[in-house]
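Written below as structure tokens is the structure these notes are about.
Naming follows writing order (A, B, C and D), and every chain is counted from residue 1.
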């Protein structure tokens, strides 16, 4: 489980590197970076105990803008790398992040398995319904009918519903936020990191350059609905699944689902197994004894 | 949409090739092959109008045992290939099939997209909760605690829940069957093929060689519960999602979910778009005119 | 025209190179004739991409307060003029600095004002006179400044001769997509990636009009997978990507090889490895193109050599794919793919289009999908054809398509799959050789670097060097005879390419005895190779090779 | 011992080859000394895998009613004896035919009864006397039959000398996994695939005991991805696969290269391409191992040469990975990986284990992850270390790890990443050379074929041919000097390998001048190469090369 000591002195700035973001002015990802640094400051683990992994995309540049041990890997592969890190060293606080394309398209095959394995990892998707870095193609969360450079006559596909998808996978912590509600987003990310197990946060992080005009921060401010105010009970998985159906139509922010009885995480099981079997260790210089014929 | 004329004379044997299956005696896949050939005979499309695609695994050998145009491709890639076929020639009846490993593990990244694109393809998974062809490793549907050659101390992972997963993806037709109830399985496969859109059938097809002893055909016969007898309404998606949670504990057979208002399929949209734009076709020998500078 | 951007997604620095000539433009060009720096900091961010030498005219913003003899440049340019660009532009609004610069250039070089004014009108006309008119005025202001400040060395260009047929304008990616449609491509499946995405963009608009289908897949594996499916279904199919996507497609390329399904795979190369430098050109995916699959698999590899050549070479890729029932890798590179080039109209009626061999009714009577004639090619049926039913597979199979474990059948099938490419050894037309066939010095180059080397060889020839040039459009299989003949006279020379390892040089060594006098001139990507430098290298080689005659 | 199965998953035909010798067994063997056919149909299903020649003793089931001079074999064997095996076995139950056969062999060759009886007891003892006793009786019955029917040519073997230390028994996959643990591997991430899965099986049991972690991933990309993650986190990590999985890992291998993360990737080769022939051996993934990534990427490629050698070579793979901070491809092949072999105990105390270079406290004061010394290697910090924080990435980066688009930095980093491998040119110990260094004839072989060639060279030497043998354990980078020296005397010879293309031959040509007298002897997989045939080829070469001396 993640350490929860909070040295009160930690400042968000400690988590910001001096690399200048390449993001366009006004990009939603600036807000995500701020919120994350604030949440980390609240938690208080020093940067060198954090491993922050991403794929490729505008959003996936984020680890480089923090002082954590960062890994800006290749497109779609943040989660396998993050899992390898966490198994290899469960003491680390492991965060994965990336775009909607990175996570639900090319990386979509890793998500169900990361979720069912349930390592204590927080996964933040900056969902802007478009491929930002490659300049505006259809993304898996682009709405049906969306006109982009690869769908000039309008997309003919239903979008991925990230919230329903991860609930279908049995994810223990599912939330959605937006930089339009920064305090809310900070709280969600903090709660996700503190959740003992795999936690998923979908952030509606608008692309000002290629994104849809009616899905930008000012719009968010107007339309967002706080789940807590809707009276949603985050312990109710079926209700969460029902609410999730409105993804893309309603902007729900808050915790959709939090497993009230989080199961033991995989990284804890790894430790248990290592401890249980440690007594059987053969000395390395006697390793060939396993090939002796009786 | 698939043709639904039924020439009454078609015999199941017409769909069986003379290749001798390599399956172990008693393997559940024999039943799936029978059921499929029966269902195809009921539908009556001739074998040369059928394209039958699979990945790699014991189960994925199935196209070779039929007289359809078969494609026994590589591990996990049946669905992308099937989609390419259907878009290229919507007249074909396209079926994809494979194992739990093939479909939910290595091929798991393709499933959400095949479902949201909603081409008129039927996908049959022979779910035996194990890797048969590679001789008994953990599969994504192996239950937690399962002991296999890669999990001698017991698996530490929650399994994939195929039914909940595809419901999370918004699949329009979701069913489960078992060769232990052959007439039921025939009917399910036939209904899936007739469903105008992407249809998913999970078949509990036991591996007699590496499979779990309490999940074999005689057991199935005893424990299976017909959804229709449970009074389940297949038009109720939320109820289906709720029932799906019992995957691995209860053996539900029947249709979990059938969209009562199937949307237009992608292959139909492809045709529409081709028809709409056909008038704009440039003569091939004048194709370079698009590079003229005004 | 080659554009280049800083790492910023939007905003930030960018540069644009334009090369103008009355003769054929063969490359983006090396050293700049005229360099314009709107500010020095951004100019220098592009580093070696914008090289200057002792002949360059440098025009820069006077507001930078840099004395002409203290420019922040490694080389002292021929002439440097500080122009108060911002000041001149100010009356005409924020965005008119570029117009002032156009005016300056028109003024100093005499480049056709009419055409420039026409261009400005085309670009801005529909935004209304409130936008257009200040732009025109800014242009005029630039022009007057030039007139009032003549250059030390006159740089006036004589007007271009009038052309009968106007040139076409496009970039390599667009031309590639158009050629695919011409070749009969009816399916594209792919996943966006810089710098190949424009192929996909164009096809996503146009392919429907030709009765084709399009899929933006969830990843590159699904992209090629869907194309393999479409090819199995009987359609000419294509996928396009860049290095990282190419790596992901590796397994599926092997599948298409053993299942003998026609398919064109375009790789628009960029800086590697891994994510590398996505927006810059490199030629370092050649060995991958030839050897990435596991097992003994063989696929032809073609490379485009200019924007215009992209048309014919893309059609050739389809023809080879269809005729030999094979995946074909078509290599382009960012330099060609994203460079807007004016090119001569192409006589498409002289470009043949080949379709795959279908079984005859007799063959369908007892159809054996993989039964091959002497040429290794077997007729391929398509779903929907009665009697043509067969099993395609990635498993080794016998003539009927049934899976096998037999070493004997395996060997027979490998022979079939390799033998069919023997015919490519006769495609001498797919290697271009220029210059005196008996020349003792040779240059071998491919892709966008071929254009640079054409210029380098022209320079060397003007200087009296006996140099010939070899540019393969079909790179693999290596057409051994052609190289042997080339090397028969040329015992010295260069294999020039934009990679660190010198991949073509190594590839050639595998199959032909490359003379020891041939040197690999290999530079990694991002910065352009420069024709004059290559020409200088040729002179060194020439003097050494002459020496060697006397040893 | 090499087992082979028909295509049936369970049931169906299977064969088993055992090779016994008092000297070191170097390969699975070619032509059989003794062949036993329980029925001819199944025997012949294995085709060329079970070759027979004029000296083979064939024992077959009398019930098949085949006269000894009408056996369904291409070659007439030395002697053929029909034995009523089923009849003899009948009293002892269904499964005792094998025991009868063991008795026959013991009877005719004199192979140690005691050991055989001990083996039977070990195998069946715990099933109780009701199983054990009939088996023993069946063995005795076979023995008596043999005693009563002496062979035409005596085949009695003299008893093996008593050994001081008993041999160890294992297959290549198990030895590879054990070596990984010895080398300090603490993470395995992978996906099952024949014929590599046993590496994963063993590690899934044992790695925890060494404080390590294990992940059966959802696919090969995630398998290598998790291993890259673990390596980034500071642990020695490994993944293992076979051809199709290797193809899928292509992109991630490039990532490990540019991010400079140590990693061992095992590829147990099988028949290709695509799914190919999963259960048979081939050596056709070599060029892929060297060149599959896009971009200029370089990784060392090692190959094991026997079951026993798998230990040292696997440890070497880890040492190279850790020292050079690089992915390493370790090639094995099905023949070695799944062959049970008895081998001499290995003195592990003489095998060094090397760990990656960590930054010193001073270096951590102002840590630049990719700042390299002259040797190109930079100290690598691990998460959890204060001050060592850095950004690993697949994007080209500068010394600090910050992303860059600069061609100049790109070139500098490429130089660093290639330069570090210069040191491998000095690792002559990773190439084994046997025989007279001045021999005019040479053989080069790798992987399991090295063992076959050791035998072939021994035969050739016995016949008086002056032959030497070169077996690289480090195949790539090609240690040029060693080959140049080898070729200095040997101007004729063979490069022997089990692939269609002759991949090692081509690879060598890329980097060294292979004499024209060196011929590629390349045969595709599934069927074994045969030492005597290679020896014969050497004789041909010898007579030709001698001729050439007189030309």
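Criterion: a residue touches a chain if its C-beta (ideal position, glycine included) is under 8 Å from a C-beta of that chain, and two chains touch if they have at least 3 such contacts.
Computed from a prediction, not measured in an experiment: that's the story for all the values here.
Looking at which of B-C and A-C shares more C-beta pairs in contact, the answer is the pair B-C. Compared with chain A, the chain whose C-alpha mean position is the greatest distance off is D. Here the CA centre of chain A is 31 Å from the CA centre of chain B. Averaged C-alpha coordinates put the centre of chain B at 38 Å from the centre of chain D. The set of chain A residues that touch two or more partner chains comprises 56, 74, 105-106, 108-110, 112-113, 140, 153, 270, 273, 277. In chain D, the positions touching at least two other chains are 7, 218-219, 244, 251, 255, 259, 274-275, 393-395, 403. Against chain B, the residues of chain C that register as touching in their complex are 122, 166-170, 174-175, 178, 181-182, 186-187, 189, 208-215, 217-219, 221-235, 237, 251-252, 255, 259, 311, 343, 345-346, 348-349, 383-395, 402-403.
Of all residues in chain D, only 7-12, 191-194, 197, 200-201, 204-205, 216, 218-220, 244, 274-275 touch chain B in the complex they form.
Against chain D, in their complex, chain B makes its touches with residues 22-25, 27, 56, 58, 74-76, 105-106, 108, 131-135, 137-138, 140, 149-153, 209.
By the touch rule above, chain A contacts chain D in their complex via residues 19, 46-51, 53, 56, 61, 63-64, 67-74, 77, 79-89, 91-92, 109-110, 112-113, 270, 273-274, 276-278, 280-282, 284-285, 287-288, 290-294.
Residue ranges on chain A touching chain B, taken from their complex, read 104-110, 112-113, 116-118, 140, 153, 156-161, 164-170, 238, 241-242, 263, 266, 269-270, 273, 277.
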